[in-house]
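Going in written order, the chains are labelled A, B and C, and every chain counts its residues from 1.
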Amino acid sequence: MQKTNSGHFFEDYKIGQVIAHAVPRTVGEGERALYHALYPARHALYSSDEFARDCGLPESPIDDLAAFHVVFGKTVPDVSLNAVANLGYAEGRWLQPVFAGDTLRSVSEVIGLKQNSNGKTGVVWVRTRGINQVGKAVLDYVRWVMVRKRDVDAPAPETVVPDLKQVLSVDDLVIPEGLDFSDYDFNLAGEPHRWGDYEIGETIDHVDGVTIEEAEHMIATRLWQNTAKVHFDLTFRPEGRLIYGGHVISMARALSFNGLANAQMIVGLNGGAHANPCFSGLTIKAWSEVLDKQPTSAPGVGAIRLRLVATKGGDPFELRGEDGKYNKDVLLDLDYWALMPV
Amino acid sequence: MQKTNSGHFFEDYKIGQVIAHAVPRTVGEGERALYHALYPARHALYSSDEFARDCGLPESPIDDLAAFHVVFGKTVPDVSLNAVANLGYAEGRWLQPVFAGDTLRSVSEVIGLKQNSNGKTGVVWVRTRGINQVGKAVLDYVRWVMVRKRDVDAPAPETVVPDLKQVLSVDDLVIPEGLDFSDYDFNLAGEPHRWGDYEIGETIDHVDGVTIEEAEHMIATRLWQNTAKVHFDLTFRPEGRLIYGGHVISMARALSFNGLANAQMIVGLNGGAHANPCFSGLTIKAWSEVLDKQPTSAPGVGAIRLRLVATKGGDPFELRGEDGKYNKDVLLDLDYWALMPV
Amino acid sequence: MQKTNSGHFFEDYKIGQVIAHAVPRTVGEGERALYHALYPARHALYSSDEFARDCGLPESPIDDLAAFHVVFGKTVPDVSLNAVANLGYAEGRWLQPVFAGDTLRSVSEVIGLKQNSNGKTGVVWVRTRGINQVGKAVLDYVRWVMVRKRDVDAPAPETVVPDLKQVLSVDDLVIPEGLDFSDYDFNLAGEPHRWGDYEIGETIDHVDGVTIEEAEHMIATRLWQNTAKVHFDLTFRPEGRLIYGGHVISMARALSFNGLANAQMIVGLNGGAHANPCFSGLTIKAWSEVLDKQPTSAPGVGAIRLRLVATKGGDPFELRGEDGKYNKDVLLDLDYWALMPV
């Protein structure tokens, strides 16, 4: 009997199927320190317990993206081991902060299936929830991937394409319990720019860059227990280890501190595309565009919708060519909601 | 007066000599996170406090191999600084799990001495115990190394070759207090294969591979405070920094999750050989062979004896050539006992 | 309105100006583990909570240099973003140990200004204090840097050159509350050499070396939230990423364990020069010279003043050429006070 996991193929997925992903993970101070070591993360709410308390939280949470990576990592063996491509994200919502000592596991439900016309692959949509040790959901998002069929002659399933929101509305967002930016200390946070200072359409070049090393992206990707071969095994990908897309997301988000230091918490993920693959040796830079702004009911808290673009060169603010395709230097195009002091 | 440590030479060791190794170390959440960042470790008992509690432990222990590396690292300045070769391990027993907050130190006793016929080197056997802050032993193993003589004219000691067990019997193994796999959650653990599903003689190719980077093995080896020059100083070894054998052990063990996800705890080390040196740039893969299976008295717990082989290429399951020597691609041949749900 | 930080220029600084640096940081077990992973740190007081308690402290502090790096890192965006050169340190004093859970922030006061004769740059002296969550200073040091002018036509400020001590006297040093080396365990600490065994003028070659990797110095430098571009962005410095001088300090100090294992705590920084830039691929070695010895009022505690020199090759103990300039292989020349068992 074969003991190793060969992953799921397209014909293995059924609409409504629920997959309880393996290997729960307790996150703690070590993960928090490593996040700061791997990314130039400086958002004060995640750096200082005192700052977090002054904002109404019991202590600094684990970075929102670290929580995302842990939840995402667990899905890899069941969802993307045989994936040809990671096609998109939607309706991502952070439902409550993750604190040191929390134990996370992931559960996915298959919500969409569509065989491709070539008959060899299909698209699978899953809604994944990250759940903590008391059974509360901390994160919820939809992801779709293109997956190979094991048997090209397997019959195509009925096509079900889920109806996903292009953009979460501010009412969809969950503000962490107790969050209060009324007494927000802009000096300690590092920049004076409040929610009211940003305008829709405004773009920000985050200026800084980080040249990527193999050891770093592997350390990060392993930390999230994402064990996809492509990230680690050069004999499997002699053309170069592909860097986990989440590594690029975290790097770009951390770089965006310079200009968006007060976009403290990520609460919504509207969508995201890994426009081009990322490899070691490239230098990641980032720019942002303000897509929307909405007030919230929490004291002193505004929501800002941002496009975060990671590049490996080229001019900032140039996202797509005349053909509508992403420029070759664009690595990531992410659309998210963050919370800022108004 | 010379202040630096020049290590011990063969003629410095005496039968019965007890060496209290220096620099005790408190291990914690940071070491635990780093272990998961450096190795693709996914065994649920070490990943989730909740899973560990469901198995009767107070929380997730520090990985058994991390405990081994810490205890081992302390012995390096006294045992292997002038070692020519690390010859073997035997009778390794994990006596109780190590938890965050524990402080470990190491004590070794010289139990064997044999001068080589060339008169320039000799073999030293030591039994090393790792001891925690309340004086309890957590680990016990025998290791033998070939050590240079300072003075080739120093008289040979009386030859004492310790009588070591080729293999620990299941009665030699210490089951952690409280361990209970009666309600083991195979879904969360990641694979359905229980102790009863493995057959003696069965071999498993663990499929995954990791290409090794300098930064990673140095970070790991330093974490265990193993400061042997060969691992760090390229001017000392211009042909390439030699990777600490324990790094290969941990890498192979973590890779073995894929096929042996339920071989949760390591409790015995019967033997091990570092068949060939490992260098940065190589891709480590692993395969295992089931050598024995024995029931234990603990509820739901079976013992499985495994051969774990790390390779840098070549076909799995090919350990030795016709001449009986290890194939050139074999890095590690380890013989250990693990505990699994029956 | 520009959102990113373009840093301060020479004409922005005024004597008496107080800069409250941004992004407080809570340090913990993760930072402690990472320090041991990034540097071959073995001083027992920082490695073992039990050893620290036997020396009268509540538990192991975060390494003194880690505390320094955190405090220093916060000043970078305000002090050295437009710096041409880091010119010196003086009057550095560790005022109390930093423990896991402490939150640090930094405040600097401008204490000196001197425009250079070229009219394009000037020297700025700042006294920086690291402050913990209860408002107590944990560290205090003076640093001076050469900073560019934004506008070369801006008028020169009145020249103020602070009167700084060449060397702190032993009475300037703050001994941590409760520190007691009366029952110091030299065996556990790793070397028998006590304060009384060192002679003024004595030199020690620390023998060991570490070849530096890009991933490691970036992980370290980010951990301290030092985001100076030169350390991370190869497109900004195509000739090679410059390694943070503090990385060299920590590496050399850790290497100095071999010969100075009992120089446990750093309490004073008299001065320091980064004699030559450090790049990845170099092998760092270290040697020390005993500059002074003084008794202290704490039980069993002596103060030792040490010169710590990091090199990238060459012979130890050769600091300067006949022209009085640092030899090309010298990376660091640091002058500090440490506490040892008498």
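The working rule: contacts are C-beta pairs under 8 Å (C-beta built on N, C-alpha and C of every residue); 3 or more make two chains touch, one makes a residue touch a chain.
These numbers come from a predicted model, not from an experiment.
Copies subunit A and subunit C of the same chain sequence form an interface built mainly from non-equivalent positions, shared numbers / all numbers used being under half.
Remark: rotation between subunit B and subunit C after Cα superposition is 120° (nearest 5). If each chain is reduced to the centroid of its CA atoms, subunit A and subunit C end up 36 Å from each other.
Counting partner chains per residue, subunit A shows two or more touched chains at residues 28-31, 33-34, 213-216, 219. Partner subunit A is touched in their complex by these residues of subunit C: 1, 3-5, 20, 22-26, 28-31, 33-34, 77, 100-101, 103, 105, 133, 213-216, 218-220, 222-223, 225, 227, 229, 232-236, 241.
Within the complex formed with subunit C, the subunit A residues making contact are 28-34, 36-42, 44, 47-51, 60, 187-191, 193, 197-198, 204-211, 213-216, 219, 258-261, 283, 313.
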